[in-house]
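Once you've had a glance at the structure underneath, I'll fire off some questions.
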Amino acid sequence: MPAADLFSFASRVRERAPLVHCLTNLVVTNFTANVLLAIGAAPAMVVAREEVAEFAPLANALSVNLGTLDVPQSRAIRAAVDAANGAGKPWVLDPVAVGPLAFRTEFAFDLLDAKPAAIRGNASEIISLSGGTASGRGVDSTAATDAALDAAQVLALKTQAVVAVTGETDYVTDGRRTIALSNGSPLMTRVTGVGCALSATVAAFVGTASGRDEFWAATVAAIAYSTIAGELAARDAGLPGSFAVAYLDRLASLDADAFGKTLVQRDIAGS
Amino acid sequence: MPAADLFSFASRVRERAPLVHCLTNLVVTNFTANVLLAIGAAPAMVVAREEVAEFAPLANALSVNLGTLDVPQSRAIRAAVDAANGAGKPWVLDPVAVGPLAFRTEFAFDLLDAKPAAIRGNASEIISLSGGTASGRGVDSTAATDAALDAAQVLALKTQAVVAVTGETDYVTDGRRTIALSNGSPLMTRVTGVGCALSATVAAFVGTASGRDEFWAATVAAIAYSTIAGELAARDAGLPGSFAVAYLDRLASLDADAFGKTLVQRDIAGS
Amino acid sequence: MPAADLFSFASRVRERAPLVHCLTNLVVTNFTANVLLAIGAAPAMVVAREEVAEFAPLANALSVNLGTLDVPQSRAIRAAVDAANGAGKPWVLDPVAVGPLAFRTEFAFDLLDAKPAAIRGNASEIISLSGGTASGRGVDSTAATDAALDAAQVLALKTQAVVAVTGETDYVTDGRRTIALSNGSPLMTRVTGVGCALSATVAAFVGTASGRDEFWAATVAAIAYSTIAGELAARDAGLPGSFAVAYLDRLASLDADAFGKTLVQRDIAGS
């Protein structure tokens, strides 16, 4: 993809400030909101079952994260997803720790029928979600992302969602087109919520798409934008406390020129 | 108001470390606690219905925020408000996103009967709470604060609460006296929870008042103190990640001299 | 204890990245996860009653914090503690604000029978938990730690847990051996969650112990490591916003040499 085309999604987010409805986990709510504000989107954490159906149609996209799922939240998520679908708003699934934990895994499989616009996870999560057996230990992936590439393509074809597997190399596929992105920094794994907030960023970008055919490019753009900001932030700060601050600053200030110069992408032959 | 009189409330907070009982939303609990610690207050997030009534009388003030209201929290808030009132402790209401969402809007109207000492919101929220129709989209206000000035005065007279409408210009009114404050920085809207934590700061300041007649001045002082800290922090840091850090540092270190030199206020004719 | 022996626990944490299952309070989840990542551990906030029993055996240690306890969380904690005990995994109790609040106090006493590996609290909390009457006001301790030393030793002997009372001086005792640590900075009390995250750090260190007889030394090491990081961070940053950032950076970078040069310890005669 031309860097300028990818960056244009970031420009749209800044111009339109898409309202992103987030149902996410307890650990990362604050950081997710700050990431969305930094990229120019507007976060909205409306979480009660009594309110989600009313709110989802007002938002531009919905971001669902299963990190601290419990029964009340599973009901709220289901209601929010149905309302988003009813209103034609895209929604994004982050299947945190799906695989080893039965309750969330069963729920995640149920959600696959509700047509997510995109799914973003680590290798273990995407392998599990595609029906394979992965070796995660909770939120950590012990598999490299290229081991999950086939699974990602299978999952994309089965669900018609864009699937992003993130790690040292990130793959984004819609089952036909697949791109590998190689930006980022190991420091991104030393700050909690960077991955979860990335899913919300995908929702923000997808929320500015003019149609389903732009979801793949919007997802590529969201991941490229975030990992390039992370890579540049790691030049500013080498330790995790100050890296988190620098990451937000870079997300808020990354321009097309630095984006284009830093982007490392590679096309992958389709399956 | 003389700047020295306003700053004296901040000095009281530092000397007395008022214990502020917070029932707030999931996004901002951590930042709210850090803001309260920065100004010298003592935060206490006791949230279970089983405990709030026992705890509220031990605190100096109660701060209630409806940002992620659900049914269990609404019961805990009601119990906490009743216990605070029973013990003669002031409480502050932050009616996040009241207007477009029925569940919290109905609950907020119920709470108005429970005599809050102060209400702080954006223009859309205050207009909605005064009975008007505003054009918010969740947590964002799409109305300028001066459009809400009349609503604020009406609401203050109806509820006998001090009402603060915050935005580019902040108005604080008890229905008779009204002041306009013009400090702050647009960066305060790029960090999640700055507004919510401002309501908790109002609670801390009001918690040091010697009586109901000081609630208006205490609220003016809390908002002036916070927005001046934000304005000075924006001189230290121009991007949201580092701004959030600088804001906490300025809240912890703002002195009477810098406060007086930076304060921009204007009296407004009463309604 | 020789400084090198204490530091070896920190090295183990960095090498093994113990998975720490946290059931903690709403205010500090994010900061706790970032502290664990900074020291090289892997946080996992699996919180639903449906999942905790399945997850606890996968983790290396469990950290339980009662700061925002409610009925559903109390059930999840009970299930997680039982599963950890069943799987032979150590667990750590942080009895936040136990004493003045009946619901959590009763629950904390129940948990004492479930054989925690370690208990970390402030003076008021440890006095209350040992059966005495303390003068706390919620999360704050109004008692100095030396007033709690006897209580800590009594509690340790009764529960067979290592007991740590933290404050200006920190005491760590197993009822027979007692050490006093005098590192740290007052700024550690100006950032919310430093104490709570310290308990999770104890869990991470205890999670690398080769047996019960190492729990005391592991707890001493965790507290020495954290307070030395805090003391050095206070040299980097004198205000709470920037101190929190510096604290995470120091936790991630503290080396054996700086650790040894900064450590201030003193043996206390056993009871």
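Per-chain numbering from 1; labels A, B and C assigned in written order.
Operating definition for what follows: a contact is a pair of C-beta atoms (placed from the backbone, for glycine too) under 8 Å apart; a residue touches a chain by one contact, two chains touch by 3 or more.
Please read all numbers here as calculations on a predicted model, not as lab measurements.
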Self-contact between copies subunit A and subunit C, residue sets same or different by half: different
Angle, in degrees to the nearest 5, of the Cα rotation that carries subunit A onto subunit B: 120
Chain centre separation in whole Å, for subunit C relative to subunit A (CA means): 33
Set of subunit A residues in contact with two or more other chains: 26, 29-30, 244-245
Sites on subunit B touched by subunit A in the complex: 25-31, 67-71, 97, 100-104, 137-140, 189-193, 239-242, 244-245
Complex interface listing, subunit B residues touching subunit C: 19, 26, 29-30, 33-34, 37-38, 42-51, 54-55, 58-59, 72, 244-249, 252-253
